[in-house]
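One chain, subunit A, appears in both complexes that follow, with subunit B as partner in the first and subunit C in the second.
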Partner chain A sequence: MTALVTPAPHGRSGRRVLRARVEARAAKWGRRAGTVAVTALLLVPFLPILLWAFADRWPYPELAPTVWGVGGWLTATAQGAWPALTRSLLLGLTVSAIATPLGAMAGRALARGRVPYGKMVTALLLAPVAVPPFAVTMGLTTVALRLGVPGVVALVAVLVVAAVPYTTYIMRAAYAGYDEGFEETARTLGAGSRHVLLRVHLPLVAPALAAAAFLAFLVGWSDYVVTLLIGAGRIVSLPLLLGASASASGNDPTIAVLALLATIPPVLLLTAVTVLSRRRTQR
Partner chain B sequence: MSATLTITGLTRWYPATGAPTLDAIDLTVPAGGCVALLGPSGSGKSTALRLVAGLDTPDSGTVLIDGRSLAGIPPELRHTVLVFQSPRLFPHLNVLDNVAFPLLVAGSPRGQARDDAAQFLDLVGLTSLAHRRPATLSGGQEQRVALARALAARPDVLLLDEPFSALDPTVRAEMHTLLVELRAAVEPTILLVTHDQNEAAVLADTTAVLLDGRIAQHDRIDQLYARPVSLAVHGFLGGRNAVAGRVDDGAHHSRLGTLELPADVVVPRGPATLVVRQEAIRLVPTDRRADLLGVVSAVTARGARALVEVTVAGMSLTTESGPGERFEPGDRVGVVLPLDQRHAVPPATSMRSGESGSSRDVLRRATT
Partner chain C sequence: MRRTTTRRTRARALGTLATAAAVALSACAAPVSNRTGTADDGYASWEDVAADARGQEVSLWMWGGDEKGNAYVDDVLAPAAADQGVTLRRVPVADTADALNRVVSELQAGQDSDGAVDLVWVNGENFRTGQQAGAWECGWTDLLPNSAYLDPTDPLLAEDFGTPVEGCESPWHKAQFALAYDAADVQHPPTSLTELFDWARAHPGRFTYPAPPDFTGSAFLRQSLYEVTGGPEQVPAGPDDDGAAGATSALWAELADLEPSLWRGGDTYPRDAAALDDLFAGDQVDFTMTYGPATLDARVADGTFPETTRVLTLDDGTLGNASFLAIPANAAHQAGAMVVADLALAPEQQLAKADPAVWGQYPVLELDRVPDDLAEQFADLAPSTVVPPFDELSRGADPELSADWVAPLERGWRDNVLTGQR
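The block that comes next holds the complex of A and B.
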């Protein structure tokens, strides 16, 4: 057991110790205050949405809703919010499920210099990010129509094309720092290719894979333009519904509910990804 | 657990290089023995280990374990575990699960694999760290875990590729002690690659000197020092004295005069270079019996001992002074070359191109 009472600092050196201690404490509180401020800055815009989602009446200039209720939720449900949410979830997950492995394979090949003119290929890969999606999609819609590709397939295909640059970019960086010596070590320890993949390779790239999958999911989840053009309004995803009600009805509780629904899944996923990678780095 | 490793005619030629990286290597490691493959960087040492482990394919030659060829057998089925200089502990597994890894992939149930792994962890003295993440370990601890993990695979042959080179000298010495203990406890067959002569001396039964992709000499380390087969081996092992001359009637003739050679040194008549380790040469007062007389020309401190350069008959010989001996430049000294420490090797002109530069420098210094 250490001394119960910290000896009171005294003398000149004591004063210096005291000042250092005060400064350290101030710095700690400063950092905490900074964190709180940044978090608040990010969360404050959500406050009106959260309030609106449970407000049946909120006339100007009241500071809080005058009548609370779930009217917004009922309207949103009536407008098909839940099927739209399911559609968007499926779209995001499908795009992610296709674009992530594609990006992993492409990123691995690029990182190992197995691709001729690798730098040019990398630049080309990022091109769809730079070109406005509207321009790309208009052309692709025509192509899909001419070829008779079903709308949903064409939609997924185009969104995968939009997501692959992100997943490739992330996975290329991950594989650039990947030490193949781990796999060699595992093999000499008796691990066959399946064990190497499942027990060594995938766990080592898991944080990058999670990040890539999350971004690819967002591409499908949040897409508006491509779904609108290729789906020709028949594939109603959550962003489409949100866009339609925001531009038309002016029913604020409904819009708030839809916005909330559009926000929650990505936030949950991001939290999951962060927790996963934090567990990995916390050693 | 231990098996005999036999390598015959092992050759690896990378397309981009002008000479084979490994040129017809023959080497045998007896069951439970430890052979060090000692060579400068770029001599092909690591290539040899990769070929034995199956991580690379030889252009010709065979690797045999207990007489059974490993040709075409993938690394995971060879029972040859390779430990690299970087321990490469799996960062997503804790220490115990790292050691249990080879047992799990071999099909042990998790619980049993962990129990088993705990024993190997105990063997390297790290039971207390079983649940730590690799990133929290020191370099020495990491390499201990890597050794435990390698032994847990119960390899026929343990391949060590400069496993301790990245460690601090004190930690390295601890690891040497540990490896000696592990050898006594589980008697693995070990092929150790190193560029450190002391490491080879401490750990290995015999040492094979690998120069330019060929095994120049394979013998006990003391024999390598006292009876190198070539100037290249002598120079690589840090030998500083090489005197050009010729051999006739069991004696070496040079500007130093006629020096009798020990009976076990058999050198054909003709040009030959006399080599004597600097550690073997003794300096004595001029009134005592000596083989040569010389003058101290330079003294370089080297810790407990000092390197003393002595000019004899216009040539420079290097010796090491013992503890308590003091020499100053200008001192006249008697030089004793103990008979059993004298050795003669074929002269420098027969050296293959590209051989160790240091021996040539030594020769130049000794002959000018």
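The block that comes next holds the complex of A and C.
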């Protein structure tokens, strides 16, 4: 600050500009460094997984694998990794396909304040997130069995309940900032309700819908305990395979391959969601 | 069997807890408690079983951490079951308790038939918990034609970690705890654990054991308990019985005294058996240990372990156990499950999985009862310079302690040896 009060015959404003520029540059580099640090923090744990996925032998205390190979991929394939991946994809997509519209409807109603005791309803909707899944699952298994619900149906139902808090939360936020004036304008200009929904409403909430769908997908994609206990072992999903494999010592290459397979689809989806919503906002 | 019993993951602890809670609950709810499991389908003959089994799909829930075991079931056992008209579907679980949880939940909900679990690879704690919940079908094992190859007086098959088997599970594998050493470094191999401890004190830093609750480290604790007390018959039946405290304090004293002579002065322990194997492979220590010694040959053959690796023969024998296949009382496909359990006992199957290249699980059969040509093949199986034949390896085998002991010993080690010295 001293520089600013020092009298200077020429260039007081010039210095200020320079200072501002330096500060802006420093902030920019700071942000960049921050981004790099955060990215590194997220990526570094994957380095050993990547190495292990192609390590046929990596004895302690070597810093890198001593024998490279694809043994882990062959074993993972033999243990049924690919069918399990397909099942997990289907499960995630099913949960997402049900929980996203449900969350959108609930979120919209809550955002418009049309729900009596809205805060309580919101709290109730978020409750499944707060309760330990293992305890809930043990109880719900019995409930589903008493009701005679087939395992796979019960599985999808429970996962949808687990996913709805996320989708509702996101959609409520989206609808809170949603200007219904656009819909009214479209209607004034003669658009039918179908037209309004498809051409005005959905495009406006699309980024939020994509984010909600992604989170709901993750709920189905990553679940272990519900799939096994409520699903009665009918669906041997990727987390089941990964959990079983990781419960032993000495399977590191297989575990690494399964972990990669479990990570790649969500990362791809997340990238797609991000790119999609960027395009929307840029338009 | 290796890790069916004593997988010590948090999930397992949780699972056991939940099972225990469910058992307690179901006892209150009571529709379950009177089913101590009799053959309610009442199969009179094997022909009836075989006929009912045709066309059934059997869900075998088994711990899925053993890649070779998974491959054996998928590639050898399942095709053989298919020949008898039974489809075998493997459900891999991270923990055998998960399977039991499902069964207990079903029983608790009053589902007395048509259960999702048909067959479980089980022993020890999980078997006992299931017995308490009335979760197992009992009295069916004598029907299996291949049970004729079993020795009815075999103590390992009569009691499972102290719980009487009573026809509620059919044997599948035997296992023998073994220590291995590098003969190039250990000129005069010890013949007892006491001698081994003395050797370790004379050669600081060249011996260690996996930190319990690792499965193998936990077995080493039990083996050491036998050593300091003078044998299995000297150890009280349960950890709360008279004399138990004296036995364990002697064990902690011995292991704490040994600690400074261990690898890295006992400041740290290998986190699991695989880490100890890596130390042994890298010549950081001269001993390793395993509950599956049949795998040692392969590790010598592929160059992981030195060619001079040998199994340590202890005068007093080592821990042995068996693992089993159990059918839940409410299994939807009991006949099919019985066919699979019978097939698992067939000499051809027992021979196939005894091959270390396939799985390396020791047979439960009595070889005198097996047809001569097959018995010879068992004898010829991978003649090894590393591992003695199973009859020699299992000579004087010690029965496992009651499953009640496992967790208290692991906790005691943590409190008295791992943290007690610092």
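One rule holds in what follows: the second predicted complex is superposed on the first by the 247 of 283 C-alpha atoms of A that agree within 3 Å, B and C clash if a C-alpha of one lies under 4 Å from a C-alpha of the other, contacts with A are read in each partner's own complex, and residues count from 1 in each chain.
Operating definition for what follows: contacts are C-beta pairs under 8 Å (C-beta built on N, C-alpha and C of every residue); 3 or more make two chains touch, one makes a residue touch a chain.
Because the structure is predicted, anything quoted here is derived from the model rather than measured.
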Problem set entry | Clash-or-fit label for the pair subunit B, subunit C on subunit A | fit
For this session: With the two complexes superposed on chain A, say which partner A:Ala78 touches: subunit B (first), subunit C (second), both, or neither.
Result: second
For this session: With the two complexes superposed on chain A, say which partner A:Phe182 touches: subunit B (first), subunit C (second), both, or neither.
Result: first
Problem set entry | Touching partner for A:Thr86 - first (subunit B), second (subunit C), both, neither | neither
Exercise. If you stack the two complexes on chain A, which partner ends up touching A:Leu229: first (subunit B), second (subunit C), both, or neither?
Worked result: second
Problem set entry | subunit B versus subunit C as contact partner of A:Thr271, first or second or both or neither | neither
Seminar exercise, completed: The chain contacting more residues of subunit A, comparing subunit B with subunit C, is C
Exercise. Just subunit B (first), just subunit C (second), both, or neither: which does A:Ala191 touch?
Worked result: first
Exercise. After superposition on the shared chain, which partner residues are touched by A:Ala248: those of subunit B (first), subunit C (second), both, or neither?
Worked result: second
Exercise. After the two structures are laid over each other on chain A, how near do the C-alpha atoms of subunit B and subunit C get, in Å?
Worked result: 48
Exercise. What residues of subunit C sit close enough to touch subunit A in their complex?
Worked result: 3, 7, 9, 11, 14, 18, 21-22, 59, 61, 63-67, 70-71, 74, 91-95, 98, 101-102, 105-106, 108-111, 116-117, 214, 272-275, 277-279, 281-282, 304
Problem set entry | subunit B residues touching subunit A - in the complex, by the definition given at the top | 53-55, 74-82, 84, 86, 88, 90-92, 101-102, 104-106, 132-136, 149-150, 153, 159
Seminar exercise, completed: Seen from subunit A, its contact residues with subunit C in the complex are 57, 59-61, 75, 78-79, 134, 138, 141-143, 145-146, 151, 224, 228-229, 232-234, 236, 240-241, 243-251, 254
Problem set entry | Partner subunit B, residues of subunit A touching it in the complex | 179, 181-182, 184-192, 195, 199-200, 203-204, 206, 280, 283
